[in-house]
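Two complexes follow with chain A in common, the first pairing it with chain B and the second with chain C.
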Partner chain A sequence: MKSHTQATVYNAVTPAVIEELIGLLGASNVLLEHERIEAYAHDETSAEEYGHMPEVVVTPVDANQVAAVVKLANRTGIPITPRGAGSGLSGGAVPVFGGILLSVEKMNRVIEIDYDNMVVVAESGIVTNEINALVAEKGLFYAGYPMSLETCFLGGNIAENAGGGKAIKYGVTGRYIQGLELVTPTGEIVWLGGKLAKDVSGYDLKQLVIGSEGTLGIVTKAIVRLIGLPTARADLLVLFEGPKEAIDMVPVIMAHGIVPTSIEFMDQLSVQTSCRYLNESLAYQDAGAMLLIEVDGTSAEQVEADLIAVGDLCEEHGAIEVYVAEDHNTMERVWSVRRNIAEAFKVYSPVQSLEDIVVPIAAIPDVIPELQRISTAYGMQIPCYGHAGDGNLHATLVKDPQMSMDSWRENQDKALRDLYAVTRRLGGKISGEHGIGIKRKAYLGELIDPVELGLMRAIKRAWDPANIMNPGKIFDLA
Partner chain B sequence: MLAYQEKPVKIIVPIKQVPETGNVKMDPQTGTMIRSGAAAVVNPLDLYAIEAALRLRERHGGSVTVVSMGPPAAIKAIREAIAMGCDGGVLVSDRKFAGSDTWATSYTLAAAIRWMGGSDLIVAGERATDGDTAQVGPGLAAWLDVPLATYVAHITHASEAGISVERLTEEGYQQVELALPALLTVVKEIATVRLPTLRGKKRARQTEVPLLTAADLDLDGARLGLKGSPTKVVKIARPKVARGGERVAVNGDPAAAVDALIAFLEQRQLVTGGRQ
Partner chain C sequence: MKSHTQATVYNAVTPAVIEELIGLLGASNVLLEHERIEAYAHDETSAEEYGHMPEVVVTPVDANQVAAVVKLANRTGIPITPRGAGSGLSGGAVPVFGGILLSVEKMNRVIEIDYDNMVVVAESGIVTNEINALVAEKGLFYAGYPMSLETCFLGGNIAENAGGGKAIKYGVTGRYIQGLELVTPTGEIVWLGGKLAKDVSGYDLKQLVIGSEGTLGIVTKAIVRLIGLPTARADLLVLFEGPKEAIDMVPVIMAHGIVPTSIEFMDQLSVQTSCRYLNESLAYQDAGAMLLIEVDGTSAEQVEADLIAVGDLCEEHGAIEVYVAEDHNTMERVWSVRRNIAEAFKVYSPVQSLEDIVVPIAAIPDVIPELQRISTAYGMQIPCYGHAGDGNLHATLVKDPQMSMDSWRENQDKALRDLYAVTRRLGGKISGEHGIGIKRKAYLGELIDPVELGLMRAIKRAWDPANIMNPGKIFDLA
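Let's look at the complex of A and B:
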């Protein structure tokens, strides 16, 4: 585990602090045993590389308890790290300075389902997917879900402004959060936004909180906007000769007028590794790259017409083969290839860096040859897959199992700097939906406009004068 | 009677449209499937029969035609099969067929296959995922009086004279040779199913699918539908899952826990000679 130096010096969690926490929350909501708090030391990033043990884990049951813990942290100078389900991909929920880890897991109630206003009000520890199970029978759904929807919490999605495979049509989390209850870094409870379609009454602090990675407070409740549930959907799995042909297709589809729910890109390495892992014998041998395209809607006829229109477009632009998946089993089959890429590469080499670059859609074709160049230059495999429809590519640096850890670290750093420089040159950013956290903090400073960084630091100082709320994330204050 | 065009080497695949089982819910009161809202698909196990037939056609030439008995909406299943690469399909649909059990179904399908001019080979799925009987395939073979091999996992050789297959049995594989025409029911092991293509889908939309009613077929009216079905469903109940098992608390030493588990398994003769 790494140490994370920062100018701020924090105090340790003393027996007196524990005593006070137990007084505030009850003994069952204060965890100390190593075996129990170990699970809170890391998220989905490498525990070895980014993990750090908390000194104590607390599981408050409401906003008042959260506020009390935050006030205590301010008074005693102890850092506090908010945590959802721990499915993050940038180390955002890792307590890098130890201190208090605050898990929202026990705040998982649905407060209200308000069909008249088409919203659900829920606590931040609810599993995101549960919202959809509750409202599906009314023909509604919450569209801002990320890929880890079986496990992730609403609060974590808000903190990271999580996206996912359906963002090109439905956007990301922030589009659907109409209001939220926040415990500020100084321990006050405030509602931002409301059950409103419009709100320009002052600065949009709600949107500032969304995606702030838990550095501007702890979200305890949220008002989630619902929309009509599409009743029909279907997929195309399209094979291309190479990544260029596949990627060139994306702007063509987007310009055509039909907005697919997803356009997922998978390069040859990704497809082959995933298919081998799944023992799937799709006719992928001839394909240099694939697109997985989903369309949805409220009528089966319209979805079929859209599917054929997009498929025809792909054939006109040189697709080798266009497969259609229109029933549940077949759709699961094609999506499992996409979903299992990361898992499949972990079998080959567990040491990897999952990247999250985002570039303008028209620049996607320029990224692919650069990835190939970087892969060769630094002796690693870089499978590339992701949400091509919104320019968000999960290029993944995979360590050659033969390479020593020292060489890997050195080459990974060089490769990342190279990749991020390319991304910036193409008008992109280093994270589209996973966040900066601790994983990308060292690189952000070089890639962001100093004026912008200065504004962010000023906001952080104004909101969190004691710098106790998830410190060490996104950027350092010093 | 509708006209039906023949090709030299004919493979026929009987298929069934079933409710999609990926997210089927059961009514706890009646024990029956809640069909409202459930999409209908080609019986997943029939896809292996289609795949096996298409591979035979790729190797030996000829044609693959599907036949299905069901409501008019089952034409979707036939079009799905054509989208995968089948040459055509026939739908057998009539209110008189409603409520058919496996006996009446195989009787009716056999008449349809005769109407189609018979075939060199019939390849069927192992069973349908809704009824789960695995009887229609063998029933068809009986009505058509052709040799039958069930649970076929591999087709090792095929020629005009006959076909050699390996059947999956509980002990391993059984090699069987059958004279043609014959009927096979196949298991998943036979091949990985291909995906339907856009080209196939468009072709399927344009392909005319003959619809056969009871009047088109040479049938004994007393043998059709619910009336002609000897099987009577008395009651459908959901089996109670009662997993007894015993919980053995193992504290501390992992090696001791492993020993305890092995002793437990050995006592029930579930493992032998595992310990070195």
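Let's look at the complex of A and C:
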């Protein structure tokens, strides 16, 4: 485990602090034993590279307890790291300075299901998909869900402004969070927003908190907007000569007026690796590139009409082949190939760097040759796939099993710098949905306009003068 | 014209400052003559109540000139008030401390129409609807437009996070602004966001600036996202016994999965007054309340099917009558009644206060009896109509022609305090789309959680240490 130092010096968690925490939360909500707290030392990024042990883990049961811990942290100069399910992909929940790890796991209640206003009010420790399970019978759903919705927490989704494969049509987490209860970095409890579809009564602080990776406070409750659950769904698989032809199709589809639920892009290497991993054999696995397009809606006829329209458009614009998934089984096989790309490369080599660049959609074809160049230059495979409708690519730098770890680390750093420079030149950013955390902090600091970084730091300093709220994430203050 | 003082003391615009401004911008971009600058003393709120003369008006032609003026303002301690088209409804563009009025009217160029990325890049002084005129031939449009789109500027829409009648389906301005060029309150030029559908590379500063009413900087350019223009459209007029029955219908429609473009609500008084004004006679003008529902889409068949489904739903849930507008003419007559409500009441009495409260949709029926009570208590008519799908009501306090002006002012203040207290109790806010500006500043300060206000002020102080950027709007710093 590496340290992630910055100029701020924090105080240690002393026995007196532990005693005070137990007084505030009860002994059952203050964890100290090494074997119990080591699970809180990392998230889904590599524990070896990004892990760090907390000094103490607390599991408050309500906002008042959270606020009390935050006030204690301010008074004693001890850092707090908030944590949801630990399913993050940038190290945002890793307690890089030790201190207090605050897990929201015991705040997982549904406060209210308000059908009249089409919202659910829940605590931040609820598993995201539980919301959908609760409201499905009323024909409603929460559309802001990420790929990890079976395990992740709502609070983590809010902290990261999580995206997902259906963001083209439905947008990301922030669109569905109408209000939130926040414990500020100085330990005040405040509600931002409300059960409101729109609101311009002062600055939009709610939206500032969403995606701030727990550095501007701890979300304890949220008002989640529900929308009508689509009752029909269908998929198209469209083959193209190469990545450019596939990507050129995306704006044409979007301009047609039909907004697909997903437009997923997969290159040849991604499809072939996933097929090999799944022992799957698809007739079209040797195509130069493909788009997997999903449409949903309220009537099967309408969805079919939309699908045919999109298919016709693709044929008019140079697609080699358009396949309509004829049954649920075929549809599932294709989606399985898409979902298993990351896993397939993990099996091939467990050492890798899952990236999350986002570029203007028209620039995706320009990324492809750059990835090939970087792949060759640094001796690693880089499969390219992702959410084409969003320009968000989960390019993954995969270590060649033959490469030494030292050599990998050096090459990974060089390859990331190269990739991020390309991304910037194309008008893109280094994270579309996974966040900066600690994994990308050094790179962000080098790539971002210093004026923008200065504006971010000014907010952080103004809201968190003691710099105790998830310090060392996104940027350093030094 | 009243003064709107706060503790900050500003310096006057001296002849030396004028000379420097002329040196920076050229004489043609520095206006001093009273008859030329008095048009900049007010917006669409009452000039008598909210107007204030600027000392000088500048019309910079690019971001560099804007930045130079802002740096001068910081150095000399002179306030700057940014201004778009002056169509605002809360006094946001009124130079309450005199100083420099900075109009973006000469920055009205289209920088780029990028069809591949489905965005337009334009300067902030462009008339909003010009964007639609430019891209309509490609079957695209900018969906974030407010009711005043024929005259308002894009920059003003961004400053106010403007809404409109189609926000249920399309959302408000902020959803369509993918990036912006900002001159910060200290005179730095920075791009926030980009041609990106999603981006979590640090805090979402772009969204913080949107809706901050020009207090956090001056937007000079924006990247506007386009979507496919719907090719079909149809309307339903649905009559109900009373407001409660009409409003109870809204969540039922929303939960059905069809998202209408508009769900406009009108009470009896609103419809009758508008009909009288238009010399219009509608068979249904005596209904207790009505919903005007619009659906749009990409095929006439689909739109018709959606419309029938919504109509059937309304009949199942107690609507008295459902009218489908059979032709363009009938449709236009109904919409004309809706659009002319405000104008009708202006003719009845030009003295009025156009309000903009927003409540949870299920709480709209609770607003109705409160408006009736307030109307009786303070001797004024208060027609109730607005964007029911959003919970956003443009209740308008209308002065009885018999009431004296002194009495009106006193009663207006009392009625607003009463209305805002009701709004707060119902979980609402005092502005859904018009903003706080100076019109609602005193009320916001009394109603908002002091913690939230403190967080807003902290950002303002951190970004604008000299407090020269549109001071006196939303809140005071004293």
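As a convention for this text, the second predicted complex is superposed on the first by the 471 of 478 C-alpha atoms of A that agree within 3 Å, B and C clash if a C-alpha of one lies under 4 Å from a C-alpha of the other, contacts with A are read in each partner's own complex, and residues count from 1 in each chain.
The rule is short, and it goes like this: a contact is a pair of C-beta atoms (placed from the backbone, for glycine too) under 8 Å apart; a residue touches a chain by one contact, two chains touch by 3 or more.
Computed from a predicted structure; not experimentally measured.
Contacts of A:Gly311 after superposition on the shared chain: chain B is touched, whereas chain C is not. Once chain A of one complex is fitted onto chain A of the other, the partner contacts of A:Leu455 are limited to chain C, with no touch recorded for chain B.
Of the two partner chains placed around the shared chain by superposition, chain C is the only one that A:Gly428 touches, whereas chain B remains out of contact. In the superposition on chain A, contact of A:Ala27 is made with neither chain B nor chain C. When the two complexes are overlaid, the chain among chain B and chain C that reaches more residues of chain A is C.
Of the two partner chains, chain B is the only one that A:His328 touches; chain C does not reach it.
Note for the complex: chain C touches chain A at residues 114-119, 138-140, 160-161, 163, 167-168, 171-172, 174-175, 184, 188-192, 194-205, 207-208, 210-212, 216, 226-231, 251, 254-259, 297-299, 302, 305-306, 309, 358-363, 389-392, 427-436, 440, 444, 448-449, 451-456, 458-459, 461-463, 474-475. Of all the residues in chain B, the ones that touch chain A in their complex are 20, 22-23, 39, 41, 44, 80, 83, 192, 194-199, 201-202. Residues 236-237, 280-283, 308, 311-312, 315, 321-330, 332-334 of chain A touch chain B in their complex.
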